[in-house]
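You will see two complexes here that share chain A, one where it goes with chain B and one where it goes with chain C.
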Partner chain A sequence: MFEQLLEEFAGQPVQDFDIEDDWQGPEVAYRVWQGYDDETTIVERLHRLLDQPGSEELTGLVVGAWERVSEGESAKAIVKELIRVAPRLPKLQALFLGDITYEECELSWLKLTDVSPLLAAWPKLETFRVRGSEDLAFSPLRHEGLRHLAIESGGLPRAVLRQVFSCELPNLEHLELFLGESQYGFDGDVSDLQPLFSGRLFPRLKYLGLMNSEIADEIAAVVVNAPIIDRIHTLDLSLGNLGDEGVRSLRALAGKKNRTCLNISHHYASPKELKALKKALGCLVIADDPQEADDDYRPIMHSE
Partner chain B sequence: MSRKLYSPAEAYKRLAGGHLPPGSRVTGELDYSASSGRTPPPRFPPGLCVDVLNVAGCQLDELPEGLQAYELIAARTPLRSLPASLRVSTRLILTGCERLQSLPTGLTVGSLVLRGCTALRELPEGLDVWFLDLTDCWALERWPRQAVIRGGHLRLRGCAALRELPPFVRRLAGLDVSDCPNLCSLPPELVVTGWIDVAGSGLKEDALHEGVARAQLRWRGVAIDRRVAFHPETLTVGEVLGQRNAERRRVLIERYGVARLLKDARAKVLDTDRDAGGPRQLLLLPLADDEDIVALSCFCPSTGRQYMIRVPPTTLTCRQAAAWIAGFDDPADYQPLVET
Partner chain C sequence: MITGPSCTPSSCRTAPQVVVVGPPGTRRMELLLAAARRAGWHRPTALPYPRAQLLPHPCLEGTPHRGPPPRHVLVRLDSPQDDLHTLRRLLTLGIAPTAAAGRTPLSPQQIERLSPARGELVHPLQWFLGFRELLQGLSQRWTRNVSWMSHPQAVLQMFDKHACRQLWSAAGLPVAPSPACPQGYDELRQQVRSPHARLFIKLRYGYAAAGATALEWHGSRLRAISTVETVRNAGQTRLFVSRRPQILLDERQIAQLIDLLAQHQIIVEEWLPKARWQGLPFDVRLVLVGGRVRHVVGRARASPFTNLNLGARRIPRDTLMQHLRAWDDLVSLAEQAAACFPTAGTLGLDVLVLPCRRRMVLLEANAFGDYLPGLLHAGATTYEAAFQGYLAS
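What follows is the complex of A and B.
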């Protein structure tokens, strides 16, 4: 579960924006939000932010809890408003939709919407992160600017994977997919990732994150055989339930070119298998946050 | 050529009226599966391009020419073949297409699911897939000379006619050869990076050469070690009954053998009687956190061979057990005239 709000986003500090006094110039990523029983709406805070002198120079924006998010209200209205004000933020490069803690709304309750029109409203946007996956959609889109895409979910439906893989993102370099678990909406299996493995998509991809997954071992076994592995520098399988079986599979990465980093943090592997993996691979292996299985049950990091 | 885009809602309307132009592109899913309640159109236009087309369970005996899809679900349809012009990029599901006899030469798709395609005797030349599921394709006996399976899964469970894997299977993440009793070896160049399911296959321990030695062994989907797979004679009653994980315990029971376990664990005799084969016993072995093992011990009247057959744990008498085995819930309905 997400317990903390962002402190930094796309290389900038994040600052809550409520009133004029919060303005610290355009080199900050401001966060707009609406609390439960809040007298000020998220749209009012957004407009107050846009009214600051120099706001047109902003490059980062963080959208937190939107109106009545905890009561099941979708992101449709705030997305519509963001699209409306997009011309006032012509230099926006990084957008986070859904910087929301579990106390504000559980991850699995977050209701999203089609975000492709939002991306289309900022053709020069380079970084887009979104949290939540219910009703999330990516309608057909070609976006030349996007370099960094992350979907944080407790259970990503395979329909969303299909939609993302069908988008044309010729400059995408960094992709993080939090696949989640079946109890919270992941209805696919490792074969749903095949379009990605084949290496046909996203010709500039360098960072591949198949994260927060309950099928981490299955992914590890296939990804080591995939052409995509030869052109990425980082493989991120963190936050999931990778165990000894998956770690043994990853030893097949030995001798592959280009890769400089493998991240398997939040794992369930034994010290013996980890040692063998590190010895076999010539790259940096990040294996922080080791977990202990509870009677064979290996929960992932973010689900409910 | 740019195609005209239609939403599924528009496409349903136009398809029903026969007005969807050839070559249309539908974004999203068209669901005409038997469970959707929608009536499939009399015909789909040629060159239809759709993200997902689901015609599972429909009485569809041919697919339109030039169909393109990300995913096509045509399970349980009476299709006998597919058009050569079909293009499915990611997933083609033909589960339970019992009349399917042939697939197009050069068929290329991410995942091909042919579970229970029992009329299929061979695969097409030039097949190119990542994931291939041939579970229960028991008539399949010939591999193509040239084909590619690209590092995903090959599932062959219950392909009883298969005697070997072809040399083009070089690198897999997962291999299921369970219930392939005639398959006794693996290609020498095969590398398996994930798992091999060996339950009921003809594979012996020495078939696991260097390229597959590190793969996780499975028994009907449950992770096991080499001893359980290949040396079940070394298992002990304590080990079997002391296993806390119910799935793993079931595998250990299967490997140990129900008959042997009931004998060695001194199962309680619930009932005894006689039939044409001789004495019968109904035996009970209680299991922690799982349903008890209740089995009927009986002898075949013609061969004299002893059989131990598991029955529902609520069974109380030998007669009731024998009736259940013959398909009767009420033992009063089971009155065999002759038992052979």
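What follows is the complex of A and C.
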């Protein structure tokens, strides 16, 4: 579960912005938010931030809990407001929508919205991360600036995957998809990832994250033979339920010409299989946070 | 009713002996004894609760019952902690009052066979009722030549969250709203009808973080975040304090948990939002000696349960003074809250600061809440301040 708010985003420290005194210059990624029963609204905080001298120089912005988020209120209103004020942040390069802890709102209770207009409002935006998947949509979009895209969720519907794959992101280098589990909305299977595996999407992709997945073993088995593997430098299968079966499949990466680094942190692999994997692959294998299965039960990291 | 400080200047200065009641050999006890020595008392004694319960006077430990009249003693009661012998004695004393309260107590046989695991909460109601029996016994027997750092009556009041709330409300001090007083989950849902609710459920007797459960529902969605784990074993349900908050999403499980906690009596408050420091919600623990605020520390943690035992980050006093927008109000509120326990020489107080960083609410009073090792104020630890406070008064 997402216990803590971000301390760092896109290379900048993150600070809450509540009142004027919190302004420390544009080299900080400020977080605007609204608490439960808050006297101040997120929109008020946003405008207060924009009123600060030098705010037009801001390059990073973090949007936390919006109004009545745990009462099922969607991100529609805050997204609309962000689009409205976009001209006041002409230098924005990184945006996080949904930096919300589990205490503020259960992950699966977060309601998003169509975020393509938000991205379109900032053509030069390079990094976009969003948390939550209910009502999340990516209507048809071509965005030349985006290099880093991440969707953090406990269950990502295949419809959203389809939409993301239909977007033209010619400069996308880093993609993270938290697929989640069926209980929380992942209604697809490994075949839904075929467009990505085929290699015909996102010509500049270098970092591929298929994370927080309850089908990590199946993904591992298929991705090792997919064309996409021949051009990415990192494969990130962390936070999911990867086990020995998946780890054995990953040994096939050893035979590839392209040296891919592997991140399988939060995994259920045995020390024996892990050792064999590291021996087979010449590159960096990150396998932190080993987990112990409870009988057959292997929970993914963010499952709520 | 006792109104003034229980330790008068003359009796304190001539008090030749300090007795600390609690499990000897533990870190808390060692620190308390060391602090007493540093304040000038030469041979402070550690007296375990089971032993204390049998003595007609605290300084008769190790001396024959006949002989010269007992010397004057300053008694500092401290936490029974999880000493097994003490636990068994408290539970034994709690058998009759628990039955009288209409609940099933652990039997003498069960108490004898008791082998609690780490972090286990053994029958919280019976524990408290036994503790109350013991402390009331001490206050009735230890009357001559005894000064209490905190009188047993005050200690017991602070252990009872409902009593604290009533005292504070009567004094016009702010506490979290309490929208329900249920005997179980179903009754709670009947008493709180709104489609969206955020509630905080605590065991009535005991420290808040042990047994605290945050509950939220919205429409048909429901979740509970709890510091309590329940384990069913051979037809019996055991309670454990968990290090990581447990999230429950299943209504039946949630109802079972709340019903179980309700058997030991619960209070229900609104789950209020907290002010944040560096992105983390925090609350404030203050230690008061002689009714005045001494040590103050903020506890920041990414969870609804900000409690130092569970790995919270400490916010130093100076930082808090700058970060809060009503520091003087905080100090004034704390002293007014402590004034409701005039016979408590020392106490810990938990205050919740709302997101505006100006308004505050009293959460709980903790009779033994000055266990903050390493925290200094004016060059003294909390325990040193407690004993020095008596010399100064």
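Just so it is clear, the second predicted complex is superposed on the first by the 301 of 304 C-alpha atoms of A that agree within 3 Å, B and C clash if a C-alpha of one lies under 4 Å from a C-alpha of the other, contacts with A are read in each partner's own complex, and residues count from 1 in each chain.
Here is the rule we go by: a contact is a pair of C-beta atoms (placed from the backbone, for glycine too) under 8 Å apart; a residue touches a chain by one contact, two chains touch by 3 or more.
In this text the structure is predicted, and so the values were computed from the model without any measurement.
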item	value
Clash or fit (per the criteria above) of chain B with chain C on chain A	fit
First (chain B), second (chain C), both or neither touched by A:102	second
First (chain B), second (chain C), both or neither touched by A:6	second
Which of chain B and chain C A:225 touches, first, second, both or neither	first
Chain B versus chain C as contact partner of A:173, first or second or both or neither	neither
Contacts of A:14 with chain B and chain C, given as first, second, both or neither	second
Touching partner for A:22 - first (chain B), second (chain C), both, neither	neither
Which superposed partner A:114 touches (first chain B, second chain C, both, neither)	neither
Which superposed partner A:81 touches (first chain B, second chain C, both, neither)	neither
First (chain B), second (chain C), both or neither touched by A:37	second
Following superposition on chain A: angle at chain A, chain B versus chain C, Cα, nearest 10°	110
Overlay on shared chain A, then closest C-alpha pair between chain B and chain C (Å)	17
Contact set on chain C toward chain A in their complex	196, 198, 214, 216, 218-219, 221, 223, 225, 247, 249, 272-273, 276, 278-281, 302-304, 355-356
For the chain B and chain A complex, residues of the former touching the latter	5, 27, 29, 51-52, 70-71, 89-91, 110-111, 130-131, 150-153, 171-174, 191, 193-195, 214, 216, 223, 244-245
Chain A residues touching chain C - in the complex, by the definition given at the top	1, 3-7, 14-16, 31, 35-40, 70-72, 101-103, 106, 109, 304
Complex interface listing, chain A residues touching chain B	139-140, 159, 162, 165-166, 190-192, 194-195, 197-198, 217-218, 220-222, 224-226, 245, 248-249, 251-252, 295-296
